[in-house]
Amino acid sequence: MKRQVPLILCFLFGVVMILTEFSPHAASQSVYNEIVNWTLIVWPFATVLAVATLVQTHWARIQRRSEHWQYSYVVFAGIIVMAAIGVPFGMKHPAFEWLFNNVQVPMGATMFSLLAFFIASAAFRAFRARNTEATLLLVTALIVMMGNVPVGDLVWNEVMAWSPWSDKVSEARQWILDNPNLSARRGIILGISLGGISQSIRIILGIERSYLSGGDA
Amino acid sequence: MFEKLLNMNRQIVFILVVLAVIIPMLLNIRLPLAVSEPTQKLYDYIDELPSESTIMIAFDYGPSSFAEPEPMAEAVMKHCFDKGIKVVGLTLDPEAVTLADNVMQKIAEEKGAINGIDYVLLGYREGPIQVILGMGVEIASVFESDYTGTPLSDIPMMADITNYDQIDLLLDLAAGTSIDAWITFANTKYGLKIGAGVTGVIVSEMYPYLQTGQLVGLLSGFLGAAEYEKLIDTPGKGIAGINTVSFVHLLVVGLVVLGNIAFFIQQRKEQG
Amino acid sequence: MEVFGIWIAAFLTLCIYSFLYRDNPFYRFAEHLFVGMTVGYGIARSIHQGFIPLAWTPLWAAIIGESPAGYFKLIPICIGLLFFARLSSRHSWLVSYPIAILIGFGSGAMIPNAFQAYIFEQTRGTIEPFGSIHAGTLSGWEIFEAVLMIVGVVCTLTYFFFSAEHRGPVKWISKVGIAFLMIGFGSAFGNTVMGRVALLIQRVDFLINDWIGSISALF
Amino acid sequence: MIKTTQWVAICLVLCLSVGTAFSQGEPVAPSNVTAVDTPNDDGSSITIKWDAAAEDTGISGYQILRRIADGELEPIGDLLPAGTTAYVDSAIEGGTAYTYVVRAVSETDATVDSEQTPAVEGTGEWFHTGKTAIFIVMLLFSAAIVWNIYDARSGKDIFVRRIPGLEAVDEAIGRATEMGRSILYVLGLGGVSGAATIAGMTILGQVARRTADYETALRVPCNDPIVLNVVREMVKTAYLDEGRPDAYNEDNIFFLTESQFAYAAGVDGMIIREKPAAIFLQGTFYAESLILAETGNSVGAIQIAGTTSESQLPFFIAACDYTLIGEELFAATAYLSKDPMFLGSIRGQDWGKLLIFAALILGVLLELSGINWITTLLQRVS
């Protein structure tokens, strides 16, 4: 019961998912849709449990007065406010929408926009011509950046006036993206697919079962 | 000195980024700008339309990506209202409705255009393909009323418009793949002329359509908006945007080049 | 209310940006608020967009006799309830049932799709231009590009050979593969800067026009 | 002689009738009309085909008419433009017989109907014949993987090449122990059904075995509620297997939030306050990748990243000390555990690569000689 049943369930669901993919018949498509639907229904239950662990963690922090414990109250406030409005009144309630639009969305957008800073600092630190590989990385990044903005064109033409490569940076950018970049991506995608498929085969056949509590990996 | 530069505190980089964003925004510095062919084509197409023509604008972008398409919408609408061209707005993205409403109202107010006579926002309906196909037969069959709930039959400018036959251009402002659907279902099936304005990330996917003539013109990212603003001679968010973006690019390129020069000198010293 | 919203949003925006300087009470406040609110949002969403429409509505339809197929939903509900077995140390092993189902589901769904959408598609895309060479519709440069493409794919994939030692020709081919990878990474990195700066412009625009704008509107 | 006159007469009549048809704008009836059950579908459509009328016959379009069993002939769908030669009727019900008529409509709205097709029903197919190639390749590849695993289990030595990022795992754990700081393990945003997340969890199991011995805190903030469950169980078992159940602290593996950027904000907060000595970023990542990696870099942690999200790889390469690129993430467990099962599977994957090479070479040669059955075989079918 502890070991065999999960392996059988895993096998059954895996095989059914594969077979329905090859069978356009209405019956197999409805099985497929039903299973997809089931996996979505299971979710809310796991969420409840996960939220319970979060509450537990923060409650423990407050009890133990660990560093910055006061902020755990902020977490609770956030959960309670959103859940107290959203659960009984629904997600279309004006107060819920107001909080979502004026608190959650701006914070999300701001976190996202931090990338503008981090992309600059990462480029400055990492793009050093230490060896051939790093140089290739650096040079292509520079060409693409220059080719992306009109002023890049101008600067490039000034700097490269002596060479046969002036006046060509936008084209070079596009060519790099469409050719060597695409072939590298293809290679990566092919490798990932093979790796992912073989892992899936191991799991469905019950050869790999580490996810079932790590035992005989 | 070089060592210091190499191990420069990242906060200095952050400050430089902030400066590169804010200074061009506040000072309105203008970098030289040439107009590319796809932008020119779109401008020419709209510019040659007689007044009283109607174009449709599809606002197919969400709140996470409006920075690039919105200036395009503003520039094109300014051009249309100046020329007496009517604008019908709609969206295939549920989150875009308020964005579209805001930008339409803003430009209309600026140009003295009147809702219902010079422009109308139809709003959003579910099922992008059904919406596109349905409007080819009859717009009112998809949007029985506009965004504010006024029945289409009560909107003066919609009196003479039944379907795509009375629409001279559809401009799709997109952050995703909605162009594909517009081309397949509105252009190929109903012969509606289509122009596009897209974010920088997906521009290269648009070139094939431009080559085949399925798009009458194309605005690409901030650059496209800036070029259009230059053509109508009213600088706006596009020119500001492309300037800012250009300065940040120059900053990053400059930092990388500087870092490498310092790195080389440092290595020379260590070897010597 | 609208101006109030702008002020709240502006305050939180600045709180998060303060992180760029260093950790501080403002960032900690925003961070914990953000985490808490998204969790609360998640609870509301999993009930209103998850449990109610997917499980409860069909089940209720079955209970009142409208469509008996809704009783099927009892199965996933029971599977979901198994997660709570974790609360009892004696029955906690039951949690592995739903997990096994979900992992089996994901693995099964992945296999045919990965073959079709990735392996088949990418291989075909690499071969196809050679058909145009036969048809004679490609220029010399385009033929070069087609050859370069296949060289790039083969070299990159060779880099991912794990069971063969990388020496001799394999070593050189995989070195070329690494070169392709680096060019790919460099160009993708450079191509992203524009989009990321656009996000920042959006925020700065909000702070300058909406927020500072609302201050000057007061006077 | 009689024959010739007959022919002349027939020709004359034909010419005349065509002529009158023209003058009256009467189109010619569509010919060769067939209606068949659409192949490889769920049985919800019937495909009607006919020959295109010659150009300049004044046809402005076609209207499809349908009769359900013994009912009336009714038009379905819109008027199809001239030049159309096929129509898929997807508004049908299973178990009902339909007959079709294709009506040619002229520019003057005159119409002429084709003959009625024989009755046809829509049936669903159990196997999609267009996917036979995928099915066969899938079976072959599965067989290759399984065979290699059994071969490896029978005691054969299988080589795995060096993966620099993984050699650093012990160094990273050692350093964390020396400094008395924690290790942060981030699994990204993927769900438990995602291949990269599963690979990330398996590597986490290996890392946990190593940290168990050193009493180094292993902190895992989770983004997915179900991943949380699996991870707690895996880490606990790893500590048990190493004989250190006492060192396992459940509070170190916790749920943060499902929202992408709130998760990034929370993990960033942890990084900057706890200053972990080592950070593992293994799994599925989106835009938050660089936010996490740059913050990790700023506190001086050793960072080992690994992902199959190819759009995020450039940022990990730039900001982390070591990056497992794509498939290396799947090979990592084999490398760390030296378990014959994983080793054999890796050799199977390499066979898959050889198969792809063979397909590429064969495909190119065939295409160059004008034969394109390989590209047709690989064509995407829906």
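The first chain written gets the first letter, and so on, giving A, B, C and D; residue counts start at 1 in each chain.
Here, a residue touches a chain if its C-beta (ideal position, glycine included) is under 8 Å from a C-beta of that chain, and two chains touch if they have at least 3 such contacts.
As the structure is a prediction and not an experimental result, all values here were calculated from the model.
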{"item": "Partner chains that chain A and chain C have in common", "value": "B, D"}
{"item": "Chain of greatest Cα-centre distance to chain B", "value": "D"}
{"item": "Between chain C and chain D, centroid-to-centroid distance (C-alpha), Å", "value": "14"}
{"item": "Separation of mean Cα positions, chain D and chain B [Å, integer]", "value": "31"}
{"item": "Computed distance of Cα centres, chain C from chain B, in Å", "value": "25"}
{"item": "Residues of chain A engaged with two or more neighbouring chains", "value": "18, 21-22, 39, 42-43, 46-47, 49, 51, 54, 68, 104-105, 107-109, 111-112, 114-117, 119, 121, 123, 125, 127, 137-138, 141-142, 145, 148-149, 177, 185, 188-192, 194, 196-197, 199-201, 203, 211, 213"}
{"item": "Set of chain B residues in contact with two or more other chains", "value": "10, 14, 17, 21, 200, 245, 248-249, 252"}
{"item": "Chain D: positions in contact with at least two other chains", "value": "131, 134, 138, 192-193, 195, 198, 226, 229-230, 233, 256-259, 261-262, 265, 273, 294, 313, 315, 317-318, 325-327, 331, 349, 353, 356"}
{"item": "Chain C partner contacts - residues on chain A that touch it in the complex", "value": "2, 5-7, 9-18, 21-22, 34-35, 37-49, 51, 54, 68, 71-72, 74-87, 90-91, 96, 98-117, 119, 123, 132-134, 136-145, 148-149, 173, 176-177, 179-194, 196-197, 199-201, 203-204, 211-213"}
{"item": "Complex interface listing, chain C residues touching chain B", "value": "20-21, 191, 193-195, 197-202, 204-205, 208"}
{"item": "Sites on chain C touched by chain A in the complex", "value": "1, 5-6, 8-10, 12-13, 16-17, 19-20, 28-51, 54-55, 72-73, 75-77, 79-81, 83-84, 86, 93, 96-115, 118-119, 122-123, 125-126, 145, 148-157, 159-160, 177-194, 196-197, 199-200, 202-203, 206"}
{"item": "Chain D-facing residues of chain C, complex", "value": "16, 19, 22-23, 27-28, 30-32, 34-35, 37-39, 41-42, 83, 86, 95-96, 98-99, 102-103, 105-107, 109-112, 115-117, 119-121, 123-124, 126-128, 130-131, 133-135, 150, 153-154, 157-158, 160-166, 181, 184-186, 188-189, 192"}
{"item": "Complex contacts: residues of chain D adjacent to chain A", "value": "40-44, 94, 124-128, 131, 134-135, 138, 141-142, 145-146, 149, 192-193, 195-196, 198-199, 201-202, 205, 208, 222, 225-226, 228-230, 233-238, 241, 251, 254-262, 264-265, 273, 287-288, 290-291, 293-294, 297, 308, 310, 313, 315, 317-319, 325-327, 329-331, 333, 337, 339, 341-342, 345, 348-349, 352-353, 356"}
